[in-house]
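Each of the next two complexes has chain A plus one other chain: chain B in the first, chain C in the second.
Right, the complex of A and B next:
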């Protein structure tokens, strides 16, 4: 199977660079669970901060200093930092464990055509009909295909010259939709 | 030469969730220690800052306020986390439902997954881990953990026997 782009098929050969894994996984995840709309998030935080203001006013009524609210926010801030740190270490560990998988795969050869996706590497062989591909999603530095809860990530670096990522996705979606 | 073991997975919720933890559970001890240090250091620092802002008022109420703030955020983030988790699992299960019927095939050549519209074959080198889960086994390939409940195994086969067989094939 040689790398190449024709009318009927796109064939790629590449080694998976695990550096794109975090971005690919978050793109994959967003294709299943779309993020909250910006307006929703803005309203949510506006309500939270308004609530804090009201709280500051309310405790003032009881003769307590509104500075107490700032003290409370500081305490919450510490928790935010601690949770963020835990999350970061957890994710780094996660990518390390998961990324080790690609030490085994060697060069990956993948073919997209009207029938579906055919992917082979040193240790596996995967065949998907287009009906199995639930989403083709853009991620930073990669294109992600989601099938059930599995992910196929194609790094942008694997695409040949003359095929940019969005054109690539358009062709995949063309096959998927037909 | 042993026969293939073919399994129709039932994906019990508990087993699947436990399996999903395989990739994140091994957080180093040092990270835990650092996280707790950050937490306590941060809270002590907050006390100091509060003292700086309102020196004449520094006292128990402010300490209580800092702690209350910290506790509220913890509660908030745990609640939100639990709700989001539940939502995410529901989406995952629904997504998987679309690929049923599923079957897992384990043999000397490797591990195969047959689903509607897709077919995957892994050599044993691709399998990263055969893990003990409560009431079953988790076969991990990269990010994905394929749960095999003891109840899904062929009659009279226990999870121990199943894992031993997989390890034999893997080692061969």
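Right, the complex of A and C next:
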């Protein structure tokens, strides 16, 4: 399989750079999680802030300064920030473990055509019909194809000159939708 | 080795979820799980104390008086609760998204195991992996999984004896 783009197919050859993995997994996540409606988000945060205002008013009734609510919010923010930091460090370890698979694969050759996706590497051969691809999604530096709970990540760097990532995704979606 | 084992299975979604959970919780290394739990607990205590100090300092700054410990503890608990709620909402939305019907997980599949590797065939996917593609085989309560980093496959297999036998053979093939 040689790399190239024709009217009938796109063929790529690349080694997967695991630096793309966090962005690819983020793209996979967004492809699975439907965006929340603006109205839902607006109502949720309106209720939260209204609750805090009521709390500030209530503690004022007991002779305490309502400004203490701000101190409380900032303290709670410290707690949330600490958890967010912990999550980041855990995810870094997670990416290192899950990225180990690509140490085995060597060069990946992938072909996209009207029938589906054909992938070959040092340890596997995989053929997906387009019906197996649940979503084609943009990620930072990559295109992510979600298939069930798994993903196929194509780094933008693997695309040949003259084929930009959005045109690539448009062609995949064209085949997928036909 | 000429041994070959063929299984026809259906609806692998639950098996995949079971194996994914095993991978995510690092079941293979119990010490890792214990370490992770201790780390989270220590982080919670540390973050709680930090939140307490911030609240006390800010309250003193704003009001000039001595605020009660209750306010700091309350703020720390609200922060922990808010994070928990955000995490649960996030996971809930992901589970909701993944519960949509998927041709990859919902349809019938044929799994064939032999000394060279495993082949998984369905109406929409045909995959062949050598044993070098996987670094471990996982045994769940009702499923068998093959995993390598983020890449994993799971097959529902209720019969514990068959599962144990197959597990032993796969381990031998992987080490060969």
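In this section, the second predicted complex is superposed on the first by the 170 of 178 C-alpha atoms of A that agree within 3 Å, B and C clash if a C-alpha of one lies under 4 Å from a C-alpha of the other, contacts with A are read in each partner's own complex, and residues count from 1 in each chain.
Everything that follows uses one rule, which is that a residue touches a chain if its C-beta (ideal position, glycine included) is under 8 Å from a C-beta of that chain, and two chains touch if they have at least 3 such contacts.
Values in this document were obtained by computation on a predicted structure and should not be read as measured data.
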{"item": "Chain A as common anchor, with chain B and chain C clashing or fitting", "value": "clash"}
{"item": "First (chain B), second (chain C), both or neither touched by A:58", "value": "neither"}
{"item": "Partner chain in contact with A:36 - chain B first, chain C second, else both or neither", "value": "second"}
{"item": "Touching partner for A:74 - first (chain B), second (chain C), both, neither", "value": "both"}
{"item": "Contacts of A:134 with chain B and chain C, given as first, second, both or neither", "value": "both"}
{"item": "Partner chain in contact with A:149 - chain B first, chain C second, else both or neither", "value": "both"}
{"item": "Set intersection of chain A contacts, chain C complex versus chain B complex", "value": "25, 32-33, 65, 67-68, 70-80, 82-83, 86, 90, 97-98, 100-102, 104-105, 122-129, 131-132, 134, 147-151"}
{"item": "Chain A contact footprint on chain B (complex, rising order)", "value": "23-24, 26-28, 31, 34-35, 38-39, 42-43, 45-46, 49-50, 53-54, 57, 61-62, 65-74, 77, 87-88, 91-92, 95-96, 98-99, 115-123, 125-126, 128, 141-144"}
{"item": "Complex contacts: residues of chain C adjacent to chain A", "value": "13, 16-17, 20, 36, 39-40, 43, 46-48, 50-52, 54-55, 58-59, 62-63, 67, 71-72, 74-76, 78-80, 82-83, 86, 90, 93-94, 96-98, 100, 102-105, 123-130, 132-133, 135, 148-152"}
{"item": "Interfacial residue positions of chain A with respect to chain C in the complex", "value": "21, 25, 29, 32-34, 36, 65, 67-68, 70-80, 82-84, 86, 90, 97-102, 104-105, 122-129, 131-132, 134, 147-151"}
{"item": "Chain A residues touching chain B - in the complex, by the definition given at the top", "value": "25, 32-33, 64-65, 67-83, 85-86, 89-90, 93-94, 97-98, 100-102, 104-105, 116, 122-129, 131-132, 134, 146-151"}
